[in-house]
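One chain, chain A, appears in both complexes that follow, with chain B as partner in the first and chain C in the second.
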Partner chain A sequence: MDNLLQILFNGLSVGAVYALFALGYTLVFSVLGVINFAHGAVFTLGAYFTYLLLGGAVGSNGLLAGAQLPEGLPFWVALVLAGLGCALVSVGLEAVAFGPLRRRQAEPLLSLITSLGAGVVLVNLIQILMGAEGYALPAGSLGQLPVTLELGGARVRTIQVVLMLVSALVLVLLTLWLERSRGGKALQAVAEDATTARLLGIDSDAMIQLCFAVSGFLAGLSGGLVGLSLSITGPYFGIGYGLKALGVLVLGGLGSVPGAVLAGLIVGLAEALVPGEWSGYKDAVAFAFLFGMLLLRPQGLLGRAVVTKV
Partner chain B sequence: METGLDMTLPVQMVLGALLGLSVYLPLASGQLSLATPGFYAIGGYCAALLSTGWPALGGELPTFPLPSLLLELVLGGGLAGLIALLIGRPVLRLQGIYLAIATIALVEILRVLNLNLPFTGGALGIFAIPQPFNDPAGYLAAASLLLALACWLCQRLETMRLGRAQAAVRDDELAARSMGIDTARVKLTSFVLSAVIAGVTGVLSAHFLNTWNAKQGSFDASITTLAFVVFGGSRTWLGPVLGGLVLTALPELLRPIGDLRLVVYGLVILVGPVLFPQGLITPERLKQWRQLLPQRGRPRRAEP
Partner chain C sequence: MPSLQWPDGSTTRALLVAALVALAGCRGSDRGATSAVKLDGGVPVGAVLALTGNANVYGQDQKVGLNLAQQEINGAGGIAGRPLKLTIEDGGSDEAGANAAMTLQINRGVLAVVGPTLSQQAFSADPIAQRRGMPVVGPSNTATGIPEIGSFISRVSAQSSEIAPLSIGMALKLQPNLKRAAVFYAQDDAYGTAETVIFQKALAEKGLKPVTVQRTQINDLDFQNQITAALNLKPDLVVLSLQAVDGGNLIRQLRELGYRGLIVVGNGMNTPNIYPICQRHCDGILIAQAYSPELATPANQAFIKRFQASQGGAIPPQLTAQAYTALQVIAEALQRLEKRQPLAGADLGQTRRSLMQEILGGTYQTPLGEIRFTPEGEVIQKQFYVARVKMNPTGNGGRFELLP
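Now for the complex of A and B:
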């Protein structure tokens, strides 16, 4: 039974990352109705920020070769700072890839392209600065915490527990903020109808920027956590996660926060339950779910069906 | 091969233009499908498997016989079209961003299958695909012929019932349906045509590239091909062709600036839609240009 417990645990911790990542997509989608394809690049950036803030050295291939912080920060400070850095980048992204199109009231399809262009720029800047090689985060990044823990008879890696705890915390905070605070309510109003929100005295543009900031923070945080838990396989490593999170997003229902979390956990568990001899097909699990879901119930698990008025 | 660069680039450009048209066709009926790279990969695997695994086609000969290539084009295009026909019905019920995401999922599922199926050669793919032409010029001729055919089809469509129906569905699906247009059928036909074009492009590409692997049909390719259409303009067939030619050439032309080239490429995709939301070529601009042309002896055609 140990083994099953271990598998479940692995699945849940991977699922928590998918959920965190998909939340960032879902926030932007619920407000703008578009998918931010640069989200995966911001996730990657978060992992690299975390690596650098923990005191990791840049390899020999990048322009920044040899650069290193004099002293690594504690992992939780590094994670939060990386998240904040990504929030800034994400706001910048909004200013170049989404804002100009929105002000011209151009077709939403175009921002798929511009955000992807921005993602290409980000990923390649990372490659130029840091080189194409993979990075493993410095050993002992977790400070005093032991590397593995004994939980109910199963040995689990501490980072996986951290991952789940952080995701749960972020989810609770995010839900509270969205449902209980003035800012969250204002964001929901903008998502419902930007023009009416503006008439009611809500600064729509500022809310959209805030939304990108939160989304970027979530991407940076999840990137940093994945970097800590696995390793950074190169500047392109966010793209695969970005696509899977897209599957999670649709499975949960576009724009639904609890849906994204539920779907993230389901996909994580399903992937972990794929038997070893079929492991090559693991990457298709999220997309198979997505595809099936779109055909059976396009609004997703917890999404609202869209009624088009004529 | 190093000296062949200047000749292989035009071939890639023409293949890019074909893929642009493949994304354009569903879009002409208002459907954003990103499935093109999936069908492209299917066409390529078809060619790679047939030419290396079926001796009767003449894969052992010094040059691969042209009739065999023709047969592959028919089979590769046909298989892509058939798959599109089968999945098109359920998938095309989805609209807008949902359709786009479903087609991205389709491409990813196909990629994972291609990576893991026992006969597709795994991550390395299939090697030593026989060559029907001894130099890039032959490929350029073949690809240009395919492109000319595809362009002719798109031009013909504009005056055909199907093309008119596409435009009607694109402008207002509900209105089109209430006028008695079988919108599901129009969308499905556009989707199948798009798949066939992507399939035959894959067949030719596999021979041209000499190897074929799962990387050929990836999410990146979905977006790159969509960029061809958005950059060139999605309202005339000329737009995607121009977009495909230019954006395929761009990374190669930027090669001298080294690592920065992909940054510049990203910037072009980022800034292009902001400066030209309609793409470079729009029907209005075409009309203006046509009026600028010097009047020749023949009388001007009446405006429709």
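Now for the complex of A and C:
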């Protein structure tokens, strides 16, 4: 029983990260119908922003070597500011990598490639400025909270519980915003049909920028939290999550917000169920599971089936 | 029905011609092995380092060592009066990047290559060098079987089987009652898979059969599954064959999840770049090393002085010392070769073959101590060490403290 509980916590804590990451993908996909491959780079940037705002010093390999804020901010303030910084960067990416192609009504594949290019440039910029070395956010960032919690015989790190709670909170807030607010409804209208939404008086371009801002904020938030949980392992920190989150996005149903969260948790649990001795193969197990699920339900867990009129 | 859109006939022909020209170009570059040595701007030597990707922390350390060696060599008159011209190519952290960088260096006409950084990359890129007759000196490849790739492949990094067992011996010396070892290794990394075999053999020889062997992947960041599975078996020794980034992360999570026993790590974590990742949790880990800053030879003292002058007084890491040594070996071999057979106007392929013989035939006074090579290209080194990581109280920095 203890072991099952441990597996459950292990799976949910990893799944919460996948879910947070995939939410950003989902938002952009639901509006533009393309995958924003720069999302992983923005996630990485969020971790670096958080580190710097906490008063961390830049190592010796980057152009900013030795740079440091005179005073660090409290973790939660730094995290939110990092999220806002990432929102700005994400809006900038939209203006550079997506906007021009969208206005020319280019193929979605082109936007996918430009986002990939923008992501690579961003990651390399981070390496030039911050160097290649890893950084760890200060251990006491969560204040007086203990490092590890014992929950019913299972051991889990506190930061991972925080990640689960934040993931759940973001899901609730995002769903409320999308379903109850004027902005959220306008965004849904743009996602349904940007031209019709424009005819109804909705500023589609502004809504798309808002979508990128929210997606960037979520990327920054998750980057900062994962940075605290696992350390920032270098400029390529977010790349590994990108592929996994892509699978989560598809499994959940393209464009489905609750689907992304549910799929993230399922993939996390599938990985956790792999015995420790074989966990080097957990990606294969997770993706085999994904493959099997999609054979049974091609539209994803909570996605809508596409009806073709003939 | 959707169909692939092919260009019209004329475009197709143009593409075919372009492809043929490109192929001809490839053949032409192979023929480069029969062209003359080009000494414009200096004696050309190349390097293939992991400057980007997950292994970039190693490449950055190595770049510092190569640049220092180049300055030293050229400051002392270069190769018979000509400067040594070093070209560093980024091989990324995977096999494809290393292959491309190695091919680029060969086609560029360099006389020898230092690199690639990872054993995993060497198993892919070194066969290319072997086929094209390019001397290679591996600065950090420790997996079993690297020099055996071919007659043009050598290394200055002693293989794991020489070094790794020393740290197991030291762990037992510090805590003779160790009974339960847990082993972790990256199963998709040539270095990790080779080193864990050596570690497990050393453990078995000491009567410490592992209670669990946990497999990870080189890009893993979250190890909660493996760690909790291992901790359930109450290990009193943890042995890791992982790279710096994943290893540092695993140690941090291991300590945070309550493990308090000894940790032995392999050569992949032999870099100060682990300090920012595991911070105070790095304290106390044991590691066997092929380089010690405390080695009191003139070559090492001169190297340390030069390193500290350029790096603000820091202590040189092993990877920097090994990269420095690799270029020193090539430079000294070039100097001997130049005396026997002038490089200017010499046949490139023949010069590379002769240089490889010179590399293997020499004895070198280096920061690693005196080194030589076996006829197969394996380094023969006299001194190895075991160090314990000593972090400073803030956890922001530390050092490898040598153990007697």
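Everything below uses one rule, namely that the second predicted complex is superposed on the first by the 293 of 310 C-alpha atoms of A that agree within 3 Å, B and C clash if a C-alpha of one lies under 4 Å from a C-alpha of the other, contacts with A are read in each partner's own complex, and residues count from 1 in each chain.
The rule is simple: a residue touches a chain if its C-beta (ideal position, glycine included) is under 8 Å from a C-beta of that chain, and two chains touch if they have at least 3 such contacts.
Predicted, not measured: the structure shown is a model, and the values here were computed from it.
Three-chain overlay on chain A, with chain B and chain C in a clash.
Of the two partner chains placed by the overlay, only chain C lies in contact with A:G234; chain B stays clear of it. Using the contact criterion defined above for the overlaid structures, shared-chain residue A:D283 touches chain B and also reaches chain C. Looking at the shared chain after the overlay, A:N124 reaches both chain B and chain C. Of the two partner chains placed by superposition, only chain B is touched by A:L294; chain C is not.
Once the two complexes are laid over each other on the shared chain, residue contacts for A:L109 go to chain B alone; chain C is not touched.
Once chain A of one complex is fitted onto chain A of the other, the partner contacts of A:L246 are limited to chain B, with no touch recorded for chain C. Once chain A of one complex is fitted onto chain A of the other, the partner contacts of A:P100 are limited to chain B, with no touch recorded for chain C. Judged by the touch definition given at the top, the superposed model places A:R157 against chain C, while chain B stays out of reach. None of the stretches 24-32, 78-86 or 258-266 of chain C clash with chain B in the superposition except 24-32.
Chain A uses residues 124, 127, 280-281, 283 to touch chain B in one structure and chain C in the other. By the touch criterion stated above, chain A contacts chain B in their complex at residues 33-35, 37, 96-97, 100-101, 104, 106-114, 116-122, 124-125, 127-128, 239, 243, 246-247, 250, 254, 280-281, 283-284, 287-288, 290-291, 294-295, 298, 310. Interface residues of chain A facing chain C in the complex, by the touch rule stated above, are 3, 6-7, 10, 13-14, 17, 59-61, 124, 127, 131-136, 139, 147-148, 154-157, 160, 229-231, 233-236, 240, 271-272, 274-283.
Note for the complex: chain B touches chain A at residues 32, 90-91, 93-94, 97-98, 100-102, 104-106, 108-109, 112-113, 115-116, 174, 219-220, 223, 226-227, 230-231, 259-260, 262-263, 265-274, 277.
Touching chain A in their complex are the following residues of chain C: 51-54, 56-57, 59-60, 186-188, 212-217, 219, 221-222, 224-226, 228-232, 244-246, 248-249, 252-253, 256-258, 273, 276-280, 311-312, 314, 395.
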